[in-house]
Structure formats: C-alpha cells, structure tokens
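Shared between the two complexes below is chain A, which pairs with chain B and chain C, respectively.
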Partner chain A sequence: MDFVTRGFQGRPRGRDDRLPPGQYLTGDFPVLSAGPTSNVDHDEFELWVATEDGTRHTWSWAELMALPAETVTVDIHCVTSWSKLDTEWRGVSLDTLLADVETAADFAMVHSYGGYTTNLPLEDLLDGQAWVAYGYDGDDLRPEHGGPARLLVPHLYFWKSAKWVRGIELMLEDSPGFWEQLGYHDYGDPWREQRYQGD
Partner chain B sequence: MTIPDGPGPTAAYDGNLMAGPLSELFALDVTVAVVRCRGCGADAEVATLRVYGPEPGLVGRCPGCDDVLVRVVRTPDAVWLDLGGVTSLQVPAPKR
Partner chain C sequence: MARAAVPGGLSARRAWREATLVERRPETDSAVTLVLDVDGWPGHLPGQHVDVRLTAPDGYTATRSYSVSAPERGDRVELTVQRVPDGEVSTFLADGLAVGDAVRVRGPVGGWFVWRTGQPGPVLLVAGGSGVVPLMAILRARGPGAAPFRLVYSVRGPDDVIYRDELAVLAATDGVDVRLVHTRRAPDVDKRPVGRLRESDLAAPGWTGEDAPTCYVCGPTGFVEGAADLLVALGHAADRIRTERFGPSGP
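Right after this comes the complex of A and B.
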C-alpha cells in the first residue's frame, strides 16, 4: 500500500495517479500508423509555420538544430488505451519556434510528411506544453516513431503528437484534422477521456 | 521530400480487414467493390487496398499511388466512413 502523503507542491504523483481513466500501462512503444513510414532526409527537411495572413517562417534541419533544445520527461497517452510513463524526449519548445511569429490565430493545423494532419488550439502549443521533438531516450528519433521530427503534446491523446511534422498552419477558425474528421474528439484530453466526438 | 517505402510494403493488412466494419454499413460484400482513385485514376478492388490500422482507424491506400482512398472508424456507437479519396465506387449487381 502507498502511505505517501501528498499535498505539497513538487511531490511526484504515484503511478496510479498518472494513469488517465480507461488507460493501461505499457513498457513498449507501440507503433500506430495511418500510412507508410516517411523517410525524410535531413537535407530535404524543412519545418514551416504559416500565419493566417500567409506569412511563412521556415527552418532547415540545421536551423532547427541551432535553436535552444530542451530535454523533457513526460507521460504519453494513446487513444487506443496504452499509456507510457517517463518517456524522455529532446526537442525545441514551440514557445521558441513561435516566439517571433505574429499571429491573431486561436487554432493550429499541424501537417506531416505523408499528408497526416491534426488540429489543436494554439494555446495548447504554448507555455511549455509542446515541442518539436527529434530525440527519444537519448537517441535520434527513429522514423517509425516520427523521426526525424515529430510534434510532442503530451497532455493530449497521442494522435495529436503528429509524426513526421513538416508544418504548422495558424488559423483563425478551428478545422478538423485527419482523425478529427472521422469520429475522434476535436480536443482529446485523456483526463476527461475525450476519445470520440460527444465524449 | 518524402520517399515512400514503395507503395505499401509497410502496410500490415489488405482491404479484407475492412470487411467487418463495412458490413455494418453496406448490405453487400464491399471488398469486391471497385474504387477509382481520385489521385491517379486507377481502379482497385477494395480487397486489394493497402490497409493501415486497425487503430485508431482503418486507412485504405491506393495500391498504385498510396493516396488515402477509404477510411473507416468504428466508435463505440457509430461507423464513420470517408470515401473522399475515390471518385466512384462500383459494385457488382444482378443484370437487369
């Protein structure tokens, strides 16, 4: 039994507290794909951010690598019910990428190599909640897990953490992405079990 | 630039995996239906699609160009179907 007293800031929560409703723990890292694994060379890689007025900001792989990076340890939750605790990623905070981007947008559509898309409120990408991740567990992020770079938004179901990220389109109005068009929840908060539309 | 692994070698399934959820929608075996790809114009029997999934949903891709042709999601209380990648769905029917 766990007699650890909680109630002051900073104490890590126990494993049970870290598992959202309807989820089970896995030590594996299952691969879910809606298409073939994209193999994107660093030479060809370009990350873009487009604002609602059409302004485009781009980063080559070298430019992305030159940005300040963070190593973060987070729990991830897949809508197919697995959760994985204490995953370690390295990447660039969206706060850094979007620092010089002027926008009035409230929403973002994230685009992947291979055509996948997912939509999020812009505020969920800011304030230390999202990264463009290119490292996993001390290594380069492998293609089957979304390398060379993927979005990482651990507080939402993992389909929002688009693999093979290539661009972020900032939008004034919300618009559904690949799975959000087809029955999945628009927001996808694992703690409110927002798996499907109407949840 | 994206280099697909050739059309479909990483697809774990073919279109027969779609028979189950699609049978809840259609009163016929839709795996023998022929879909025409909006991207490349090729015809393909649903059973021959390169299918990814089954979770979070089934994604059937064109055996010719790998575009998404058919998507099916089974939520707890509904079946969602997207045929946006096809221009037509042709189903064998009794002669009249």
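Right after this comes the complex of A and C.
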C-alpha cells in the first residue's frame, strides 16, 4: 500500500462481483447529458443506418415498432462511477436492424437528435450486444433517459448508449464522437476502467 | 485525432497526484470549501471538475467527482463540497479530512462545461443548490471588461446560499446581475413568492434568446431538466445551453 487517506475507512465491503472497478451501486437512475433534453415526437422520428457507400436504410416509428422486440435485463455502468444492476429494457436488437445491411465497415458513429455523437467498433453492436431501446422497466422510455429511443450497449460505459438515437453511420475508419473528442476513452470498457483517453 | 484544447497533456491529466489540504472554509451548514495543494497540478479551466480518490488501509478506494470552485492558481485547487446524506466520500471530505491530511486527485476533467477567457458574448449562469460551484469558478475567472454576466441561483432558504458575501459584493460593485430564487423560505425583503424556478426568474431585459447568451446550467437532475426546458421555452437555442447534472434522480 503506497498511499492511505488518514482516517478513511469507507463503507463496509463485501463487494458485488458484478461491479466493475471504481464503481458504486445506485438504486436510482441518474441523468447525464451535455444539454437540454431533446423532445422528439413519434411523428417526426426516423431511424437511419447509412453505409460507407451512402446507402441509407430508414425506419419510421411504426416500422421500428413492427420489428421483433426483445426484453433484456442488464447491468449498466456510468463513467461518473455509478452502476445500476438488473435494469430491464425493451427494444430491437441491432442484429435485426443490420441484418440486411451490406457493409465492409469496422466502425460506427451513432448520431442523436440534438447533435450528440459517439463512436464504437461495429462488432460491439452485433451478436446480441446492442439494442435500440424504447421501453424501460415496463414503460415507455422517458425523454430524460433518451426516449423515444436510445442505443443500449450495456457492456460499455453508458455514454456509448446514445440517448435520442436517430442514426447509425457505418465507417471504414474510426473517428471520435462528442465525449471522445473531449478526452473520454474511445472504447470505454468499464471492466478495464477505460474512462479517459489513455486509460 | 481531434481533441479539445484543455490544460495539461493527457498523461498529466490522468495521473493521480497527492493533494494536501491546506485550508477549510465553511460556506454553509452543509457545504465547505477545501483548498488543496496539488504537486505539479497541470491547471484547469473554470467549469471543469476533478476526481477525488480516498484510500482505506485495506486498499479499498472510493472516487467521486467534484467541481473546482476557483480559477487556476498554481498548485492550489479549491473544491466546494456539499455534504450528501449518507455520502461515503462527501461526508468524509466535509467532516473527516483535516488540514495537513492528503487525498489523491486527478484531472482536470470535462472539456464541455467550461468558460474560456475571451469567449465572446454574455453569459447566463443558472444554479440549483451546490450547482453554483463550477459557476462560481466562471464568475471568479472573468476579468475586467468581460461581457455581461448574470447568475440566477436557486436555494431552499437564505441560510443555504454558498458564497453569500462574495456574491453580494459581485452584485453591488462588480456589475454581475445576481438573482436569488428561494424555493422554501425567503427573506422578508424578497417580494417573489417562494417556489421553484419559473420563467419570470430567467426572463430579463438583455437576457432573451435573441441576446444569445451562452447558458450554463448546473444542479441536481430535476432542477437542470426544468431550467433547461424553461430556457428553451424562452427562445434560447439548445446548442447554447450547456448542462451539468449531479446527484440521483428517480427513473
């Protein structure tokens, strides 16, 4: 032990092995966004996927609702150190959305209503790892938590789960999104505590 | 790779540094300012925060983020900590940490919720409770001849005003428009009925959407949601409203 804060004991341990390093449990659902909450009506909602050659696939709200949906229970981890276990979401798997998309891309830039972006490797969006979620805890997903629909990529820090999702741009090369340009990690694995660039 | 210019190289900002408490200043019954001496501090911008890490004898650590309350001044880093009921880190910092004791800090963190010297245009600051802390760093950083500044600061009652005396001086002699909004108890001289922040608290000549101030909103989640919605309703462009939320909220 190279350093101890004099007098600090901390909470009783008995750490949950589902809690990544440096995280603490919360029963609440805190909100983190860079600006005002976007309010997107179902009427104006359109989800798009664009490939590297410019081909666009789009879904209206009704078309998104018509796709096969899944209910998943996952743990989520925010870079600001809170984690929430066993959260229940309903949405469409990215495997479903991307099933007919032809691409050679290795990366994706996710775009939100309001201008937010975040980048991820495409493989992290596939194989049952990511959803476009529109339900939370048995109810509609509320706007402050990203409704009508948000990306859900629970194995990465939660800023990668872009709120108010509107499009997924498939890219041959990686490029940093909003928080990633501001010093946050390009990948953001909570188990490797990749909070900031260089972690 | 594109990256916003913020103080300190990446490795400098990631490094955990020993930070020794050199002064504590009570601000209210539940908030205290801690002045830390951080060896080799890379500097920070007003609005940024730092990670504070406490280490127990068995190696257990607890890390939380705290906003810096004063502009860059060598190795000195000032934080104002509001005691959170049952808060593992905030209660220790507020009550247990003595002058001469050390913690670890790293940062600065956050390149979005910042104000830069020379940034053009008026600045509208909207604080709820201890959300005033990073906004105070912005107020303290503005120099002579700076663009107009307005602070709308929501508190429960008169005893909850952090930086009360300094804000009074800023308002009386320094041309900062400070408006206190009392949600539960107000001084007798305040004619505004107590209650949560409303449109009339934010609407003022010179501070409309057309005046295009950059708006910084900081406070608990519910407060920030409400204040940002009011600003949008008043005609402020969403891309000029920067928010920083803290604390838990119901799902």
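The definition used in the following text is that the second predicted complex is superposed on the first by the 184 of 199 C-alpha atoms of A that agree within 3 Å, B and C clash if a C-alpha of one lies under 4 Å from a C-alpha of the other, contacts with A are read in each partner's own complex, and residues count from 1 in each chain.
Just so it is clear, a residue touches a chain if its C-beta (ideal position, glycine included) is under 8 Å from a C-beta of that chain, and two chains touch if they have at least 3 such contacts.
Keep in mind it's a predicted model, so treat the numbers as computed, not measured.
> With both complexes overlaid on chain A, does A:145 touch chain B (first), chain C (second), both or neither?
second
> Which partner does A:113 reach: the first (chain B), the second (chain C), both, or neither?
In the superposition, A:113 contacts chain B only.
> Could you tell me if A:58 is touching chain B, chain C, both of them or neither one (first, second, both, neither)?
neither
> Once the structures are superposed on A, label A:80 by its partner contacts, choosing first (chain B), second (chain C), both or neither.
both
> Once the structures are superposed on A, label A:71 by its partner contacts, choosing first (chain B), second (chain C), both or neither.
After superposing on A, A:71 lies clear of both chain B and chain C.
> Given the touch rule stated above, what does A:40 touch, chain B (first), chain C (second), both, or neither?
In the superposed model, A:40 contacts chain B only, not chain C.
> Go through the superposed model and pick first if A:28 touches only chain B, second if only chain C, both, or neither.
Second partner only.
> So, A:159: does it touch chain B (first), chain C (second), both, or neither?
Touch status of A:159: first partner only.
> Between chain B and chain C, which one contacts more residues of chain A in the superposed model?
C
> Once the two structures are superposed, pull the chain A residues common to the chain B and chain C interfaces.
Comparing the two interfaces on chain A, one with chain B and one with chain C, the shared residues are 32-38, 80, 114-115, 179, 181-183, 196-197.
> Provide the residue numbers of chain C that touch chain A in the complex, in ascending order.
Counting only chain C, the residues touching chain A are 1-4, 6, 10-11, 13-14, 18, 54-65, 88, 92, 96-98, 101-104, 109-113, 221, 224-225, 228-229, 231-232, 238-239, 241-243, 245-251.
> If you look only at chain A, which of its residues touch chain B in the complex?
Of all residues in chain A, those touching chain B are 32-41, 44, 79-80, 113-115, 159, 164, 179, 181-184, 195-197.
> Using the touch rule from the top, collect the residues of chain A that touch chain C in their complex.
1, 3-11, 13, 22, 24, 26, 28-38, 80-82, 114-115, 136-137, 144-145, 176, 179, 181-183, 196-199
> Quick one: which bits of chain B touch chain A in the complex? Just the residue numbers, please.
Against chain A, chain B makes touches at 1-5, 8-11, 52-53, 55-57, 59, 61, 66, 68, 71, 73, 75-76, 78, 80, 82.
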